[in-house]
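Below are two complexes that have subunit A in common, paired first with subunit B and then with subunit C.
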Partner chain A sequence: MSKVVLKNIDKIYDNGFHAVKNLSLNIDSQEFVVLVGPSGCGKTTTLRMIAGLEQITKGELYIDEKLVNHVEAKDRDIAMVFQNYALYPHMTVFDNMAFGLKMRKINKKEIYKKVTEIAKSIDMESLLNRKPHELSGGQRQRVALGRAIVRNPKIFLMDEPLSNLDAKLRVQMRAEIVKLYHRLHTTFIYVTHDQTEAMTMGTKIVVMNKGYIQQIADPQTIYDKPANLFVASTIGSPQMNFIDACVIAEGDLVYLKFGEFKIKISSEISENLLKMGYKDREVILGIRPENIRIAEENNCDAISLKLELVEILGYENILYLELLENNIVVKVDTRFGATVGSYLNLSFDVEKIHVFDKITKNAII
Partner chain B sequence: MEKGFSPGKFVSYIILVLGAIFILIPFAWMILTSVKPSNEVLLMPPKWIPTKFLWENYIKAYKAAPFRQYFFNSVFVAACVTAGDIITTILAAFAFSNISFKFKHIVFIAMVATMMVPSEILIIPNYVTLSEFGWINSYKALILPWCASIFSIFLLRQQFSSIPDAYYKAAKVDGCSDFRYLFTIMVPMSIPTLMSIGILKLINSWNSYMWPLIVTNTTEMRTLPVALAAFSTEAGTKYNLLMAFSVMIVAPILIMYFFTQKYIIKGVSKTGLKG
Partner chain C sequence: MSRIKAKIMTILLIALALMMLFPMILTVTNSFMGSQEIENNYSRNDEELDQNTFFSMKLIPDSVTLRQYYDILIAKHKFLRMFWNSVFIVLPIVAGQVVISSMAAFVFAKLKFKGKDVLFFIYIIIMMMPFQVTLVPNYITLDKLGLIDKYSAIIFPGVFGAFGVFLMRQFMIAIPNECIEAARVDGCSLLQIFFKIALPLSKGGIASLAILSFIDNWNMVEQPLIFLKDTNKYPLSIYLSKINHTELGIAFAASIIYMLPMLLMFLYGENYLVEGISRSIINDEGVDTSEYI
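This part shows the complex of A and B:
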């Protein structure tokens, strides 16, 4: 159980690459924090700085209120699970799990007891004498987790631990890691580029891009109220639809106009837009695929678009419709049947629309 | 599906068999000559199979030089050189692959560049240095100059560099020191390469002729290849005894090679280099 505080941290590599920029983050004890973002966004560098495997160029890092910038990795009481598991190939599963304990000069009896106990809990008891190359991907992953658990660390750090597994195993291991978190009740810091992992595992999500934190919030808030266009496009699958639009006011009503279409927006959103001076200005309208519905024929607010493609997923259908030379994506029930090439009437859930500034890309409302 | 026979396979077998014959002929010649009577050695046209197999040539060859002393010297020197080379190679390869220091790349390139210098050029300066130290005609002179090899360092550095960085990071998190990481993780993971380095070094040291000839001047310090000179006299060379002695020198290396060839091939193919 440990608290981690990162204060104005910068990381500049020897080649001049500025990987992490002025990063500040508070991680409370027993939180499951997921750092998510595309490759090169600085998430792994951040994790490595917390681990003590990467020097901090500027800023302060505290673990349990103790400044640890210059404390070695081994003295930080952390355990780390790596993307490629980093199991020592010449050692058995037992030796791999026991290695960290041996380094800490724990007596052999105690090591044996701890390793067999943890191996039992991760279903690896019968495979303790195997070498890593004799194990499947999932088993290797479990050994890597076991090696981390056996040390009973204050903080677990995980660097894309599931990305080498196939889709089915990934879902299974995802659940196992979450169960492990609930069982151990300690601080987890998890790095991934997969938004599904971030949403399903984290109690707090940190979205990163180009070395900067874009938003820190719980999964639901990140999904419902993305701080900017980047967060909105990163979280959610299929991703949010974005449409260039113009704010226009007609009498008391405010509309977002794009091409020949316009949609009326709720009074709360329109009030905000007008107050902030967006009248007659270009903005980006964002709407998630599940917030667009197939409208009744006689709905005067509906827009009619041509259906380009249908993806049948079994539990829902994904429709791709043509809008202003782009596609917008709509999620519908599997019972919905429509032929490609036909025109569909769509209505937007006005309460769920997002509006982003065209220049800053930040959310306006 | 695997084909039983194909023209390509046939041609490659022919080439391999020809290659094997090409390599084996000198060995066959050496073994057959070693049991020939003196008058059949230099016959023209050559006579492959001796009229009489003179196994006593081996006894004569054994007695012609203090074989036991030479054998001990060869084994001792080769073992020390190999052990010394492996230790310096492991440490240097680790420095070049895992530790960052100023001008690392330049130093490494400069070291590799010295491989271009022919070893004959170095014989005289090295001899002068050792004689200044007063080491001539000692084991130190036979062993120490060969306890480091750029080629070995280069080979092992390539192997160390291919070990993913995650192992190092995992070991650091586990509380492993650099030294311990090197010997508990990197070295065991590089056994095939180290084996091939060791075997190549052992063979080199075993076969070394020029250096022991120059730095030693008494029978007590000489090694087996130097002893071969004993068979060349003013009256000519006793080729049959020379060959018998050569067989005795080559035999231990051949036996060792048969047992360890899989490591040599594995090590060399793994580092993507030819020996």
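This part shows the complex of A and C:
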């Protein structure tokens, strides 16, 4: 039940690498915060600073309103699950789980009770006497989770805990961690590079890139209203389509023109664009694959593009169409059938269009 | 064709193995010979030496006897005393080296502090220096400390040897940093991490260091000769090197008893020893994988 506040945090490593830049973040009690971003974006460094495993170069870190910059990891009452589980190889499952409690001088009877209870809940009761090398990847991950839970910490920190598991087990463990979060109702801070994990698990997502926070919001907001081009391209699979376009006004109507095509945009968006002085300026148009539809042949707003490739996923089809030497990706129903090489009419859902500034890459609307 | 090749290879290897084993076999079989038989086989006058005549080496004793063993273990007190001298010198060195080296190695492997690399570089340099190079400064230091002619003159420099630190560091570097970090999060202090995580995970290293250190120190000759004046304090290694023709009759049995502890150590920790030797080779693993604690 803990609040974590990071104020203007900077991390510069000894080799001069500036990993985290002026990071400010409020994590409320009982939130499931996911830090997501590509490798080297500073998400793991941020987590490690919260854990106390990495020194903070500049800024302040508060846990429950207490400044903890110089508080040892052991005194922060946190538990951490590592990417490669970090189980103690020379100890049994029981000892691995009991270790943190032993260090806190809890009596043996209570340790036994707690460990067996948690082991039961994570389905590891029968394997308590095994050593880590005798366990499968999934079982090891469960033990790592059990080791964290048994301590009943104020904050759970997880550093890409599922990335070493195979796809099937990952989905299963993902659900287990979410269930665990609902059961324990404590603060979770989770690091991943997988946008699906971020979207499915977090109550709040923090998208990071090159040491900077790009956006902090709940999953739906991140998806619907990405703050910039980076967030728009990171969240969503397949990623959002981006097209270089020009804002043109013809009478009362505003269009986004690219190549020989132009699409009419909604009055609300066009009003904003004109107000912000984007008339006749280059912008980046963004549209998610599911917001493009195959249009009727007589639709005058539709654009006609050549079908390059069809990916059949079973539950939907992904179409790749040629547009100005690039591809545009469209998600369609499995019933849709078209042959590669044929031309398709596409219409964009104008309400779902995103427009980004060409220079700052920030979302305009 | 390949079968013939394999056969030739096998014969060649057997011949090489026998060549390697010959001194050992000779020592074992000759240790069961009587003193007279050994005298007859190996003693000759100086004229013969000038003519370069060879010893008459015999593998099978004329009559098998345990007389040599009786002589050294029961009749001659000197041998046993020197055996125990060796034990009194070697065991503290091994024990001390294990403790000191593992602690220093943990610091070098898993902690980050200013000047660590320079300090470790100095350690490596010291390790590479032959004993003879540091002989004079060592002697002066020990003399100033008033330790000459005491066992501690041999034990202290042995305990703080650089090789043990280097070897244990190689083992400790291999401990995943995440394990150490998990222990920190679990509530361990630095000392607890060392005793509860690093040390149990370096068992192999400790065993191989103990064995290598034992073998190395059991065979030491120069240090006792230089730092000890009282010949009664000499270890067995010196006794063997000084056996002359008057004691030739017991030389083989003495050699067997001398190598017995080493042989037992080797048989006990053969796997650790191999691992220890392979880890003591500088490789990429040894280059800055340390983490800040």
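We adopt the following convention: the second predicted complex is superposed on the first by the 365 of 365 C-alpha atoms of A that agree within 3 Å, B and C clash if a C-alpha of one lies under 4 Å from a C-alpha of the other, contacts with A are read in each partner's own complex, and residues count from 1 in each chain.
In this section, a contact is a pair of C-beta atoms (placed from the backbone, for glycine too) under 8 Å apart; a residue touches a chain by one contact, two chains touch by 3 or more.
Being a predicted model, the structure only gives us computed values, none of them experimental.
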When subunit B and subunit C are modelled together on subunit A, clash or fit: clash
Subunit B versus subunit C as contact partner of A:88, first or second or both or neither: both
Which superposed partner A:248 touches (first subunit B, second subunit C, both, neither): neither
Touching partner for A:73 - first (subunit B), second (subunit C), both, neither: both
On subunit A, positions contacted by subunit B and by subunit C: 51-53, 72-74, 78-80, 82-84, 86, 88-90, 99-100, 103-104, 151
Contact footprint of subunit A on subunit B as seen in their complex: 164, 166-167, 169-176, 180, 185, 188-189, 191
Of subunit C, residues touching subunit A in the complex: 176, 178-179, 181-189, 192, 196-197, 200-201, 203, 292
For the subunit A and subunit C complex, residues of the former touching the latter: 51-55, 72-74, 78-80, 82-90, 99-100, 103-104, 147, 151
Contacting residues of subunit A [partner subunit B, same complex]: 48, 51-53, 72-74, 78-80, 82-84, 86, 88-90, 99-100, 103-104, 151
